[in-house]
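Letters A, B, C and D mark the chains as written, and numbering starts fresh at 1 in each.
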């Protein structure tokens, strides 16, 4: 059994902790960190008898661990990765690795130096639908990918304190990050340049901290393929995650407009529900992600999602953010050479 | 151009007349029959300059015709077929051929004697979906058919004067007739016995004339396959025509829950429309049916839907009606030997 | 924590054991029973450090328990329920309660005598889709239920040794049981009479033990509503569980033709997958069922699925089995008065 | 009856001619123009006894007409509109009105001078799905439109001689034109700036004449809303026309992945067909468009799709074409002020 701790038990950290405590084979959840008593209580309620420490230092000082899951605030990811790598631990880090490329590099270098594992928490990689789509593409079912289209919608904006670019990176670095990553993964090519339009069209409080609540981003890949991405923080009808990849021989689509398989039919037509939350839509993928992490610890296999992949995604997201603010296409290379 | 008249311009007769006047290649609509001035006016409005006669005799006395479409009331079908066959005309007759087997036999014999053509108006045979399903089955895509399941729902009951068993034959002979016919056609076997449950569950006026508004019928085919049919006159959410044929290697399904390809998504979920009328659901099939009739006149090919097929369907529907009233399974043979 | 054991760790018993060991709040899995070493090993592999006993007697002699889950072979259900009730334990028993009404009565009486709880393992009651459909019906969204239609398809027949009517009760008592139960639950009325057609159309080995692999059953409820049920053991395209309830104001449908939300589109059309196994289709419902059991133990609330409900369902299934063999409609009352 | 001629009987012209000859109320098709004997023969075959003239001049010299349908090559649209307006005729002109704004202005001015009607052939405006979506938006069902997303895919590229920008305007002016028009119509705002990516990714012959076969275009509307459009000439799985408009209270979607309502289910999953051609997808909309034209002639109502709307769409398409070639966002105003 691998002894694991979870650093930060906000919404996603607590999900990981419960999964480790109850369902992931080969894992023993030994501790979490939080300074908030009500989160500590929630963690104990959901995960059983575990230790709680106020911070990473206290945790590392007190516990003998094999690995950590880092689910702290994004701006602390890089420092936490460096500290845990220095302590010789294997790491699952929530996305993105950092809010800038210099911090990404620092974290990646620390892991390389330590010779430990770093896996990034790109949960959609472990959703059965995305996995099957990737398999179709690799098997040649759609020919050569030409265009990646996506929509990512959350029902309500986060608090402005979170939308703040210095905290979460904003809509493009925090949320569209997933689509940028999946675009690279499914098209199997590098993003060359991006163009973004966006605005705080619904929530002025989001605009007041410099972020947008709706954005459309165009991608150009090195090999000529294109991307057309849309992210929304005001998708009132549900949590809408869809991707399609159109190739020169066919297409593959991921996504759905049904949650439960129930339809009501009356004189007003046909009615059914829609996924509403991330667990509604991705459910088992969170467990599958953690199981993949454990499996690579147990079997000594390479990390399925590397820090370098997160770095490349951050670069694309930063290019898109710059495009949004400067009103012109921006090459990813220009972001990379700056850093 | 074939000179054609339509006998009876109720709802379906007028649909046929307009189709012949405007869209069917090789057809010239020359006349219709009706005694009701407002139907005569509607026919002229929709079909242009055509003659109108009070009845079949007047029509046959005045016009030189190649063929007729019989869309009179069901109880007059057999007499009309006999009269037209005697006059040497080719005939498209609305279903069912008659309300009893003796009348079916009389009509079939007249057509044989005259050496003219008789095609039955089984419109769903000419719907692209049903045609494709039949093709799948014949190509072996589902293996050997094991079970035929169907639902046929109309949004509102007809007037009791029509539901009357002596006029239309009632729910099983008039409406479930289609499913009984399609069951034989798709399973490609004869019905051996039937068992029916039913009731005037919603509309007492339907019950008062001896008919039912909802009925469930079980079929047993000679070769062992089975059927599970449901017909409703109170299907409040739309005109729901669905069939599935399950074989020992797969299944084919016909039917849908969408009319226009539009979805509305809001905080209450996902909403869309449903077919509401027969033209919504079957649309082009009416034209295709008439075109098939014209094509077989022009090219001298055999009728694609024979009187014998209608007779066999009437026999099954009568057996089901008897089962409904006697509360026991009834063999189709028992109906046939009585007549 | 409630100390629980699982009696029998075949496919479904092991599923329950794992769920109790890992996911159900308030449960502590302490032991299972099996005489087969490989099932004991599988249970320990999936459930951690638990005791394994050869049979119920050994279990009861050695462990202090609060409750048991009975997942032994159906023919032993009643005896096991009686024995556990006599031992003062609360019981979750897999369906059906017994293969005849006398055994049902014996088991129910033992539980009443002991004053313990008996909950039946009707898993679909705990599926989110079925729950939502029931809620729609109770809220009046479809008006008064008129017709219940269902299909239950398994991809492959069980071994003939299981299909044997003396072991599992055959297709109607073992598999269509679910639909008969759900029909009563959703229509909220008693079944008055049934008529069944069926045959060993695909697998002669099933026929050789007196069972059928495909069957169509018609129901008549006391209040006039009807049912049209189809069960198949040779549903080659997947695990197809569908229900629709049509009322006099609308309808509700449960079921789906998608597993993962992925579509492949190529020159041959559109392709996607289908649920294949029970966990594919019902997934979380197994956990939800056990949690409901635990919740009623912890909070002292009544069993959500009683032995009487199982008894009524067994009566309907036996009536259908008799109808199948005798070729006539059979009243449920006639089965009940015999016993 | 309005006496109407069709100028040009290529694919779309012949569709219009047949519709006028057979189905549109109030229309009498009297003539078509073509210099190709086989198209003349096809027109007579499908439309009955009509006159055929080599060109517009010959037509106008010989026939007394009320109106014309212009379906000549795009580069001749403006000249034809001017000539017909000068002849005092009402005009239905295929889209786009011209390949540049100066020609658009010339055509619009001629119609204004003549006081005749000009209706543009924007067929999707008359598709029931698009009409219903517009109605939802106008009724406030989705709140304020935030983002317009579309895909328009044709299965195979046109001949390079047609793709030529001087002939058809290329992918953006010829095909994405529809989406640009519908974006303005559904969002009910003007397009401020556009950004395009594209390439001849599949068909080098398309690239050799300066056009692209796949393109992604981003829109920014004056009021802040955005658009994300994708057009493909190599959509191998079918004719895929989809739109969604996401508002701040909900969304509306147009489009579908089914042609016939038939599903085949086998061990390989679920399979169905997809619309393949424009008539598959839009069918009745062509008749509805011509009927709308006739209705506005008969009732003297204004044109439902004006020349000005086409001009604004051409401006947006030209801006997108320039963006494609210059690699930067381009304002629609910059195109308009140039002309």
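In this section, a contact is a pair of C-beta atoms (placed from the backbone, for glycine too) under 8 Å apart; a residue touches a chain by one contact, two chains touch by 3 or more.
Given the structure is predicted, the values throughout are model-derived calculations rather than measurements.
Note on connectivity: the fewest steps through touching chains from chain A to chain C is 1. Farthest from chain D, judged by the mean position of CA atoms in each chain, is C.
Across the two candidate interfaces, B-D and C-D, the one carrying more C-beta contacts is B-D. In terms of their C-alpha centroids, the spacing between chain B and chain D amounts to 40 Å.
As a whole-number value, the distance joining the C-alpha centres of chain C and chain D reads 57 Å.
Counting only residues that touch two or more partner chains, chain D has 236-237, 249-251, 258, 263, 265-267, 273.
By the touch criterion stated above, chain B contacts chain C in their complex at residues 143, 146-147, 149, 151, 153, 195, 197-199, 201-202, 214-216, 218-220, 224-230, 232, 234-237, 246-251, 327-329.
If you check the complex, the residues on chain C that touch chain A are 22-23, 128-129, 132-133, 136, 141-142, 249-256, 258, 260-267, 273. On the side of chain D, the complex with chain C involves touching residues 236-238, 257-258, 263, 265-274.
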